[in-house]
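Chains: A, B, C and D, in written order; residue numbering restarts at 1 for each.
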Amino acid sequence: MIYLSSDYTEGAHPDILRRLVDTNLEQTTGYGTDPHCQSAADLIRKACSAPAADVHFLVGGTQANLTVIAAALRPHQGVLSAETGHIQSHESGAIEATGHRVIPLQSPLGKIDADSIDRFCQTHFDDPNREHAVKPAMVYLSHPTELGTLYSLDELKAIREVCTRHSLLLYLDGARLAYALASPQNDVTLPDLARHCDVFYIGGTKCGALFGEAVVISNESLKTDFRYIIKQRGGMLAKGRLLGLQFEAMFQNNLYFEIGRHAIALALKIRQAFSDKGVELLIDSETNQQFPILKQDQIDRIGREFAYTWWQEAGDDQSAIRFCTSWATRPEAVSRLVELIRVL
Amino acid sequence: MIYLSSDYTEGAHPDILRRLVDTNLEQTTGYGTDPHCQSAADLIRKACSAPAADVHFLVGGTQANLTVIAAALRPHQGVLSAETGHIQSHESGAIEATGHRVIPLQSPLGKIDADSIDRFCQTHFDDPNREHAVKPAMVYLSHPTELGTLYSLDELKAIREVCTRHSLLLYLDGARLAYALASPQNDVTLPDLARHCDVFYIGGTKCGALFGEAVVISNESLKTDFRYIIKQRGGMLAKGRLLGLQFEAMFQNNLYFEIGRHAIALALKIRQAFSDKGVELLIDSETNQQFPILKQDQIDRIGREFAYTWWQEAGDDQSAIRFCTSWATRPEAVSRLVELIRVL
Amino acid sequence: MIYLSSDYTEGAHPDILRRLVDTNLEQTTGYGTDPHCQSAADLIRKACSAPAADVHFLVGGTQANLTVIAAALRPHQGVLSAETGHIQSHESGAIEATGHRVIPLQSPLGKIDADSIDRFCQTHFDDPNREHAVKPAMVYLSHPTELGTLYSLDELKAIREVCTRHSLLLYLDGARLAYALASPQNDVTLPDLARHCDVFYIGGTKCGALFGEAVVISNESLKTDFRYIIKQRGGMLAKGRLLGLQFEAMFQNNLYFEIGRHAIALALKIRQAFSDKGVELLIDSETNQQFPILKQDQIDRIGREFAYTWWQEAGDDQSAIRFCTSWATRPEAVSRLVELIRVL
Amino acid sequence: MIYLSSDYTEGAHPDILRRLVDTNLEQTTGYGTDPHCQSAADLIRKACSAPAADVHFLVGGTQANLTVIAAALRPHQGVLSAETGHIQSHESGAIEATGHRVIPLQSPLGKIDADSIDRFCQTHFDDPNREHAVKPAMVYLSHPTELGTLYSLDELKAIREVCTRHSLLLYLDGARLAYALASPQNDVTLPDLARHCDVFYIGGTKCGALFGEAVVISNESLKTDFRYIIKQRGGMLAKGRLLGLQFEAMFQNNLYFEIGRHAIALALKIRQAFSDKGVELLIDSETNQQFPILKQDQIDRIGREFAYTWWQEAGDDQSAIRFCTSWATRPEAVSRLVELIRVL
């Protein structure tokens, strides 16, 4: 059985793991104050053309989201998210547990747009009784989204503009950012993210690391005391260098981008095969997640050799299922899948 | 410079790291549902003689503490702790951030006793206006304590008894548990902990793992929905098997106990050397932390070769400093330190 | 200008106010431990045929909601509500501030039904990854709803049944309960509420009191330590007797029901007048709120003499506006409004 | 039985109650937007010589405390308080429930001083690992304190100075402020409080109102969105004018000061009587609370005619008990008590 069900089914990219092994007996201080964290942060600031940004390393995505949001918002403030956003649908109420409402906006393709954000805010701020409602104060995006779709740079700029107009912070979740950056469809760069977002994170866990997410803070007011909040929320790793080491490995020699390219090339092969076969895709994604709509017997035939993720019912006794590629996906595995698709 | 400043200055014990390397390309499901987590949990249940216990793996100690306490308490309930307890003094208000007060009790040697718990509770429950105060509902111990001291089995039983009498949950933080279990002074076993505590955790981070703590839940009512809370608090590692693998390694072939023995043997050598020299110890600890009281010039001389942790002023221009041993401490390093002590 | 914009524009029903005046110099203990609170609780238990219920008096509705929900739920649990429910739309995130998500369900007439609750829960509990989502654990209803509509006893029983099936608590917000109980459309009694809900509250503020809501707890497990939570959430009134006195007045001599009848009789007159005039109503409510759909010039003409609440746009340059009646609404005021309606 | 056990055993001062009665049928908007709230706020601004201050009316003291603190602090920040402070000892963990630690400082006479605040902060900010501890960010005082003692203007200024130096907000709880203002020992005026505190509240509940506390905010940054937080914490009274009306009454014709003077005159008579009799006082208070230390048989004799509050054991089979005076205390009652004291 070959797992294409998610992008976290293996350990780490060998280059990353090797670095952990090679440095194992080094002695360093703890809690992210070591030289590897500092050097990784420098590499990321450089990759983002953001010399003044603060960079913090956290173990996981939910932890990054709840820490950033708890650090940024006052108690009466809420965060706007796609209804399919991770904080709305996959985090067990982590944001609410910090006291804040997630305000879901409709998101047909996993994305929200500047207009719907604007309308929501306009309605709120026009209301003389607005104090009886949650105040919108942050926009949460993910890039790619949970459905593998991407924001264009123009869309991102439009959202930035509406955020500025309504005094909203803009936060972008890059759990799968490597796969966005490597997509032929993408025109948003790391410097764009550092410029237009108040804060965003560069995902490691789903992009080849054992674990780890790098939070990049551009907005000056969010920098204050961020480490207190990391510690308070349980996110300050004692052997913090493990995070630094992994991001050092990912941002030296362009490994992070290489990992993305590998996964995208294979994902696009899968996409092409379904397309050639005339299979409809739930979402037209050019990132590492592909969502073909198949009949149950087709799914069963694939399921004999490949682990996939069941996604949703899609009418006519059909379902959308998800395939994910990653740094670890072997080309031969994809070739075998493509063969299977041809004879579905 | 040799670091004896803490027990988390290196990576992982080589046997643990090797296992991560050997299994790196295995494909498994995520979030702790993989076979390694299951087998590690089985090994721990066996080591605890607690076949019905639930075992969950979390990345760090503060995360384990806040998750257990948030899962266990109702909003008006507080947790009693030594004033030197980790949740009171080293977690940036992590417990309060979940809504609960930490109620510090005096703790001359880092320990609290059954009597002081009993007196506090008696006063609370006798008060007709008790509803205006935080209700004591849990006792938090650590073993060894932050000061390296140990509870005897009799002390633990007495605390259990007072907890039962006042309907308090008993939770024990075993961040450095390997060092307790290997101490000649210790008479508390893993089965004792599983029997007398409602919940406790077996520390990995400070005992040879890259990271990881195993929460062992004996009390039936605490088992319900614990995984929701782990996820909500940001503690559910995507590649959860990394935790399972490490605890598998630690609880096969008695590695966990072996790590403890190694560190304790070296710590006792350091202790003996100070003792032989007539240097007073702040705390008479037989675990992996040693707290000699030294003059500044003595500290300076040691500090040229060894990194230590400054602990507290101790009168007469003297200070207590801390040395920690671990799985990674080399016998030659300790021999060199002992030499230095002889000629202080 | 005559205010028909809400049911809290005046002080208290004269009988209630008189009781405050008459008892002003009585000396009692504080915090709800006085004889008036006890006698009011007894009267309410009797009116609910619920001799074992616990009754607590709180100052306001948002306070009652957040206190009940904080007391009832564990951290990962959420509460299902109509999207128009007060906790979802009018409480500034009060529930989230206690750590819990409000999960909105579609509610065309302000109501949710057993089927949609069932479907939501079924989907949640069927999901193998349900631990990544907020666990539904409570249903929040209001009776009448924010739109003045009512649950039938059959609907309430069906919801109770689905709550029991999925282990959900059932909580009913009776901010305007007097107006439900007096509506010709209503077949739900106080004993029905005490029997079918785990907890509900009888509204005072909008039903003739200066302020005050009586929380009635039937479910044994919710009774424990409820006063601690009231105190912790800032809801324990020092001169608690003020609440007891008002509910004593409302539940002696059937004043509460009398207040409801007065308001409903007048509301139905307004309703009839609009109906006679051929004006459409946004909602067909037989409680104290009426929502006619009018053109702007009609609204302007009424607005010269009456204060109303603008509600929502309703197409064709029309808007729905709201009129509220209460104990304080004078029949002559309604007669004048009816005259105005006739010549719109 | 005459109650001298607390200052909230009766209803409201007759002038206040009369105003509620006289205005009962007025129609106003809700939630504190009515003319009475505005006029009361103006009167308070004038009394405080603080034309730019924001004034908000809340129902009770715990509510005021938790709302101010939740509005002011970021998640990792804590509030320094006397260990006898109301937020530390009488609010069931209300502050922790908003996520913040109360940090108790020793307070022999119910007071904390600039030096101990300074020392605590210095230790925190000097610590290189300070991010692992709760950050001190606010000082909470009460005036008078829970023990009836007073801060001198010099002490208040010194505390202000240390707050400024360490970037702490200064918040003063004036639950019994009328009794401070009327004490011969007091040299702190309302304008002093508005000038030196970032925020404070003027207590109504214990000073003659049915209920109500007026929060006065001087610090510009605390003003933003305060009403959202009031609403979110359940403190926004629907018939908000009830609060406005009471404070209008209290701040017209100097009633608030008159109430204080009445109570203090009687309290000092009680104090003198004990003093004449040679009875020791636990605390040398010149406000409305008196704490004589008596033998059990003396207490029993007084207890036959007067309700008091038992306070604490005081050695030699003696206890300290508390007498409170208020607007409602009758001179004849005090004369009778004085007679009893003479023959103890």
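Definition applied: a residue touches a chain if its C-beta (ideal position, glycine included) is under 8 Å from a C-beta of that chain, and two chains touch if they have at least 3 such contacts.
Computed from a predicted structure; not experimentally measured.
Ranked by distance of CA centroids from subunit A, the top chain is D.
Interface comparison, A-D against A-C: more C-beta pairs in contact at A-C. The geometric centre of subunit A is 34 Å away from that of subunit B, both derived from CA atoms. Subunit A and subunit C, compared by their mean Cα positions, are separated by 42 Å. Inter-chain spacing, taken between the CA centroids of subunit A and subunit D, is 50 Å.
Counting partners per residue, subunit B has 70, 75-76, 91-93, 97-99, 131-132, 135, 228-229, 231-232, 236 as the residues that reach two or more other chains. By the touch rule above, subunit A contacts subunit B in their complex via residues 1-3, 5-6, 8-12, 14, 17, 20-21, 23-30, 59-63, 65-67, 70, 91-94, 97-98, 205-206, 210-211, 228-229, 231-239, 242, 307, 328.
Every residue of subunit C that touches subunit B in the complex is listed here, in rising order: 31, 70-71, 74-76, 98-99, 131-132, 135, 225, 227-232, 236.
Listed in rising order, the residues of subunit A touching subunit C in the complex are 75-76, 78, 89-93, 96-97, 99-102, 131-135.
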